[in-house]
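Look for chain A in each of the two complexes below; its partner is chain B in the first and chain C in the second.
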Partner chain A sequence: MIAAVLKKELRQYVRDGRVLVLVGVLFGLGVAAALSGWNTVRAMEAERAAASAVDRDVWDNQGQKNPHTAAHFSRYAFRPITNVSVFDPGVNTAVGGAVWLEAHHQDPATLRPIEDAVEIHRFAQLSPAWILQCFAPLLLVLLVFASVAGERERGTLRHMMSTGVRANKLLWGKGLAALIVLSTLAPLLALVLAMVMASGASPLPDAAARGGLLVATYAVYLLVCLFIALAVSARSRRSKTALVVLLGFWALSAVVAPRLANNVGALVHPAPQSAEFWSALNEASSGAFWGTSEEAKKRQEAVRERALAEYGVASVEELPINYDGYMLQASEEFANEVFDEHYGALHDTLMRQRETARYFSLVSPTIAIGNISSALAGSDVAAHHHFTNAAEQFRRDFIRLLNEEMIEHAGKDGYNYQSDNAFWRQTPDFQYTPQTISEVWPRIWPDVLMLALWCLAGLSLATSGVRASFAEEATS
Partner chain B sequence: MSHAAITSQERRALVKDRARLLLLVGFLLLCVVALANGAMHRSALSRSTQAFVTEKQEALDKWQTRAQAVESGKVKPEDDAWAGLAMDVKLPVSAQPGPLADLSVGVSDHQPTTAEASQWRTVDRLFGNYEYQSPAVLAQGPFDLAFVVIFVLPLVMIVMAFDVLSEDRERGRLGLILAQPVAVGTVVFSRLRVRLGALLGVLVVALVCGLVVGAGGIDVSARIPRFLLWSALACVHFGLWAAIIAWVVSWRRTGEATLLVLVATWALTCLIGPACISAATEAVYPTPSRLQLLSQVRQASSEAYQSRADIVQGMTLDHPELEADQYSLPEFIRTAYIVTQTVDGGVAAPLATFEQVQADRQRFLGVAQYLSPAVLTLQAFNETAGTSLARQRAFERQARQFKRDLAQRIEQHVLTGRRMTVAELDALPRFSFEEASLEQVLGRAAVPLGFLALLAAVFATLAARNLARAGARIDAS
Partner chain C sequence: MIEARGLSKVFGTAWALRELDLVVAQGELVALLGANGAGKTTTINLFLGFLQPSSGVALVNGQDVHKAPLASKRELAYIPEQVALYPMLTGLENLEFFTALAGHTDYTKAQLGEFLERAGLAPAAIERRAGTYSKGMRQKVGIAAAMAKRATTFLLDEPLSGLDPKAANEFSTTLRNLKHEGAAILMATHDIFRAKEVASRIGMMKAGRLVDQIDSASLGHAELEAVYLEHMRDDAATVTARAS
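So, the complex of A and B:
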């Protein structure tokens, strides 16, 4: 019986030119999105590779220079873009691609693509993930809104019931037909996969597991949309009413809610303004150590006492090391704690914003799939935070290396001491390894759970809805 | 049946229609959230900008106090060799948020609004260290009144009015209504006036609240001229969608078909169109690589550092009046200045290329925006609110020019190591952002406003003509 319903539905879809047009438009958009994503990722990766090479070359050949002067020039850590960003760019445009690893400061990542983007960039970003999150549900709504309500309206539901069609069979027959139409977009997945492979960008660890999880969660997401559409159609007396409700839900869930959720998160947990944050950070990390206040003088004195005790001498002049370098390293260690505190508080605020935004997934499954998708693509806020943390750890080691060079070799020359290219060339490069799937999972399981709950609720509503409509039809 | 009777009947129906009332309340709530969000953004930005200027002014005051102490003889010059150090003159550069940045956040949530004109920093880092905003919020975009008007309002209008004619037709009441001495056009337009008028009322209330709530400490009356223009744009956008709805309704299709056509139009103009225009703009005029610029800066900086002795020699040959041989300050001060100037000069051409690409893009968008009323409205909103990319680029240009001018004025002091006096500091110009005048804003917004109004008039005329013909056909049948 399912087969009969399925066949009838598919025949109707084929006869309905609108469905073919819609599928064609979506296919075209999908191809454009895949090509656009590939082009962006390929260009970004090429730029990163070139900039990394130049940075190394400039560093290696900077000539004779004091190590601390070099620490102010320092190096850059460049964020490798993941190849799955072709599919879901996440927040890539809103985060910086380079971190300056200078002495005394933990700088934010700079060179955000959004700053060079056109004003309308944030209207909508063409990406395969966007097509799946936003337009695939719309296609399902248009395919399914009249599936039960239309039969009731036309009086054909009673006729179907008289031929022995059961509620469940109708539900699965109609649902499968819509999914088959949707599956005509499957070649797009192959295209996206090819573009991901051809992008030349850094592959993510656990690629197979990520790919599998992405396919599975998107499948569940589309099932959620299908079940909701079927449930609304079954509960509506008229197909027009079903269409109004479903389009309203789609607009709210896929277009308005994601933006609203993030903004409400920021409204409830406001982050400090950039100028204020930087000023407070600078004062607490630099001013509190190098400044002229009593506290700063005490800190400097404590460092002096520590150095004298460590080397068992009575005065700075007797130290067997360069004291300027020692002070510089002490100031770094002092500042690092301040950075951890300030950046930690900022990160906590951003995470609280994210948690608040996550509540909106109770009304919008798109938010849940969006979180899962960008996390698996390595393009979410947490992935960026992981990169900036790695860059900061490298900065601390790198600056310590330069300070140690001064401590051990500068002697009485102090700031007049100069290292040469032979030393610069010994210093390491920044290497970044993205998070593994086991590190990503703890932050996406609530979204996966939410999606599963949506799916169960949708299935339950759809099943009970079709049964109820059968019962009503039988008694009317 | 008169126009008044239809209107009165429609009002009663609207009051009893819980679903539509709920929709109106929902729209009002979204407006409230958007206004609160915008007001908070503007207020925080304004406070932060002011705090930045105050902090820099305090630092400048300290500089002045030290210089004054040496000048007045309270402190011996040899006891404070760094007093009056020209290199340490750091002047604040800032632009207050646009007058209506709360209504239309535009680019103000991710572009720098403050900078420190200092010769210790190269021009590429003039606006450094401001990238702390939430990436998730930036990527999604602001939830402001502009978003509500451009995205949400048309959807609510569609749901409110798509069945203004089809409902009666589907229920078999249309013939009965038209049996009365009333034209079908009168029925449609009267009903639209009631249903959409209620929505317009909510929008007007939101706008008026926005004018007051979002002022954030500045004089409300100073916002009024731009606010009126912004409101006019919002109303014309509303009018355009009302006309589009009337036009599609006048096709006299089923409610389903009308709804589908309207939602497809919305998706095309608000989502797909802008996404394609944005992608096309960036494909036709790709941004030059910022990473490449960074590499150029670092190369230039390293080369300048290595050849600093040659550069100093060249400068003293060109300017014997600098008397560089009497220089007594630490060498790294002059070196830093020379490196900064060399880098600034070296990256002037790449920065000009960036500006050229931005200008080309803006020109391209200036034409392409007419393909999507949403794009046209957003750009005009931002322009009016003072949050457009064009304004931001103007600010950045002025800031860079100010830094260059400052360098020229202090160069002799830095290279010769001569102290700068308080009087000389006072004589230095201070940065003041040249905001576009109201006439200029009007000039830029007038064409989009006129185009939207014209489009609305065309659709309304087509709708009226279709409905008049429909009335004739119904009469004949």
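So, the complex of A and C:
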């Protein structure tokens, strides 16, 4: 019975030229998205590799310079572009891929591709993930909106019921047919995979597990969309009504809710204004140590006493080390605590915004799959935060290395001491390892759970909807 | 065989069908006449299992349609006023689908084509999309589906309504053939003259009751119409007297 319904549905889809056009358009969009993602990632990776090489070269060959001057001149920590971001670039283009490793400052990431993008690119970035999240559900809506309502309108539902067809078999036959039409986009996945492999970008850890989870969660997401479309079609007396309701839901879920969720998150948990944040951070990290206030003077005096006690001498002049370097390192350690406090508070605010936004997945499964997709692709805000944390840890170690060079070798020369290329060339490069899937899982399981609940609810609604349409048709 | 025993249906406080006792034997066609709301379609819906009876039983070939819904439908064909088909599929593909739903998936295209031709569909129309079919042609696909299903019992709900005289005549011929082949047919209709022409017996329904059953051969067209109109008058005494 399911096979009969399936065959009939597929025949109708093939006869209906509109379906072929829709599938063709979506396929074309998918190909364009894959090529665009591949091109972007290749360009970003090439740019990163070139910039990284130049940065190393400039650092290594900067000549004779005081280590602290070099610490202000400093280097960049570049975030490797991961190959899965061909599929889902997430926030990569908006958050920046390089952090300037400067003394006294924890700088935000810079080199954001979106700054160079045209306006339309800022609105919606064409990516295979976006096609699947936004347009594949639209295709399902257009395939399925008349599936049950249309049968009622034509009178064929009654005809089928007289043969003894069961509601659940009709549901599965129709659902499978729509999924088969959707599966004609499968070559697109192969293309995306080929583009991922050919991008030349760094592979993410646990790539196979990530790929498997991505396929599984997107499959569940599309099932959710299918079940909802079938449920609405079954509950509507007219197919036009079903179409209007489904387009409304699609617009709410795929277009409005993700943006609204972020806006509400920011409204409920406002982050400080940029100028306000930097001003407070500078005052608390630099002014509070190097300033002329009593408090700053006390801090400097405490460092002096600590140094004298540490080396068992009575005056700075007697210290066997360079005191300027010692002070610089002490100021770094003081500032690091301030950075942890301020950036920590900012991060907490952003996470609270994210948690608030996540509640909107109760009305929009697109939010849940969006969170899962970008997390697994290593391109969400948390992945960026992981990178900036790693960069900051490297900055602290790197600046300590430069300060220690000054402490140990500058002697009485102080700021006049100069290191040379031999020293610069000994310093390490920033190495970044993205999070493993076990580190990613704790932040996506609520979204996976939400998607599973949506799927169960959708199946239940679709099943009860088709049964209700049978009952209504019987009494009509 | 189609059989109702004390079959009743109440919607809220309104009786749609009250205490129907009726037997349609194999080789017999019983036509139910009555005004709109008399209970004809409710009777058909009860035999189809679409409605749960308030009391009594509806039997098709000895199977209670509510206790054994699939078994009772196995040899049952239903032809409504408008046979609904899929406009983008051909007549043959529509027939293939509905016979497959009924569990007959082993027919070849040639065999399905033969059913359509036997039902009276022109060979040239068989491979045409059903969206281009007239009502009469759709009825023929419905008949072909019943034949392909090897149905022995038929429920027809206003099948002649809206057919042109030629198509109605062809449909009547098909019904007579089915009857002669041993089918049990229950037909709800408003068409007194076609009912007289094809039915073995004619049941008259009013306000949910079967108020009369007449051997169609016992009366002429005019007499039948007179009896029908007499029943349809809002005169309870007359109706009761005749029903008794």
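By our rule, the second predicted complex is superposed on the first by the 476 of 476 C-alpha atoms of A that agree within 3 Å, B and C clash if a C-alpha of one lies under 4 Å from a C-alpha of the other, contacts with A are read in each partner's own complex, and residues count from 1 in each chain.
Keep in mind that, in the parts below, a residue touches a chain if its C-beta (ideal position, glycine included) is under 8 Å from a C-beta of that chain, and two chains touch if they have at least 3 such contacts.
Keep in mind that this is a model prediction, so the values were computed, not measured.
S.K.: Let me test your reading of the model: by the given contact rule, A:164 touches which partner, first (chain B), second (chain C), both or neither?
M.R.: Touch status of A:164: second partner only.
S.K.: Return the chain, chain B or chain C, that is in touch with more residues of chain A.
M.R.: B
S.K.: In the superposed arrangement, which partner chain does A:474 touch: chain B (first), chain C (second), both, or neither?
M.R.: Once the two structures are laid over each other on A, A:474 reaches chain C alone.
S.K.: Considering only the touch criterion stated at the top, classify A:267 as touching first (chain B), second (chain C), both, or neither.
M.R.: A:267 sits against chain B, while chain C stays out of touch.
S.K.: Go through the superposed model and pick first if A:4 touches only chain B, second if only chain C, both, or neither.
M.R.: After superposing on A, A:4 lies in contact with chain C but is clear of chain B.
S.K.: Which holds for A:12: it touches chain B only (first), chain C only (second), both, or neither?
M.R.: second
S.K.: For A:94, decide between first (touching chain B), second (touching chain C), both and neither.
M.R.: So A:94 only meets chain B here.
S.K.: Touch check for A:154: first (chain B), second (chain C), both, or neither?
M.R.: The second partner, chain C, only.
S.K.: Which partner does A:414 contact after superposing on A: first (chain B), second (chain C), both, neither?
M.R.: Neither chain B nor chain C is touched by A:414.
S.K.: Quick check: in the complex, which residue numbers of chain A touch chain C?
M.R.: My answer: residues 1, 3-5, 7-8, 11-12, 15-16, 154-156, 158-165, 473-475.
S.K.: Spell out the part of chain B that touches chain A in their complex, as residue ranges.
M.R.: 30, 33, 36-37, 40, 44-45, 47-49, 51-52, 55, 106-107, 110-112, 114, 128-143, 147, 151-152, 155, 159, 163, 170, 254-256, 259-260, 263, 267, 270-272, 274-279, 281-283, 286-287, 289-292, 294-295, 298-299, 301-302, 305-306, 332, 354, 358, 361, 365, 374-375, 378-379, 382, 388-389
S.K.: So in the complex, which bits of chain C are touching chain A?
M.R.: It is residues 45, 48, 50-51, 69-70, 73-74, 76-78, 80, 82-89, 93, 97-98, 100-103, 105, 149, 155 of chain C that touch chain A.
S.K.: Quick one: in the complex, what on chain A touches chain B?
M.R.: 18, 29, 32, 36, 39, 43, 47-48, 50-51, 54-55, 58, 61-63, 65, 69, 73, 76, 78, 90-91, 93-98, 105, 107-126, 130, 134, 138, 142, 146, 239-240, 243-244, 247-248, 251, 255-256, 258-260, 262-267, 270-279, 346, 350, 353-354, 357, 381, 384
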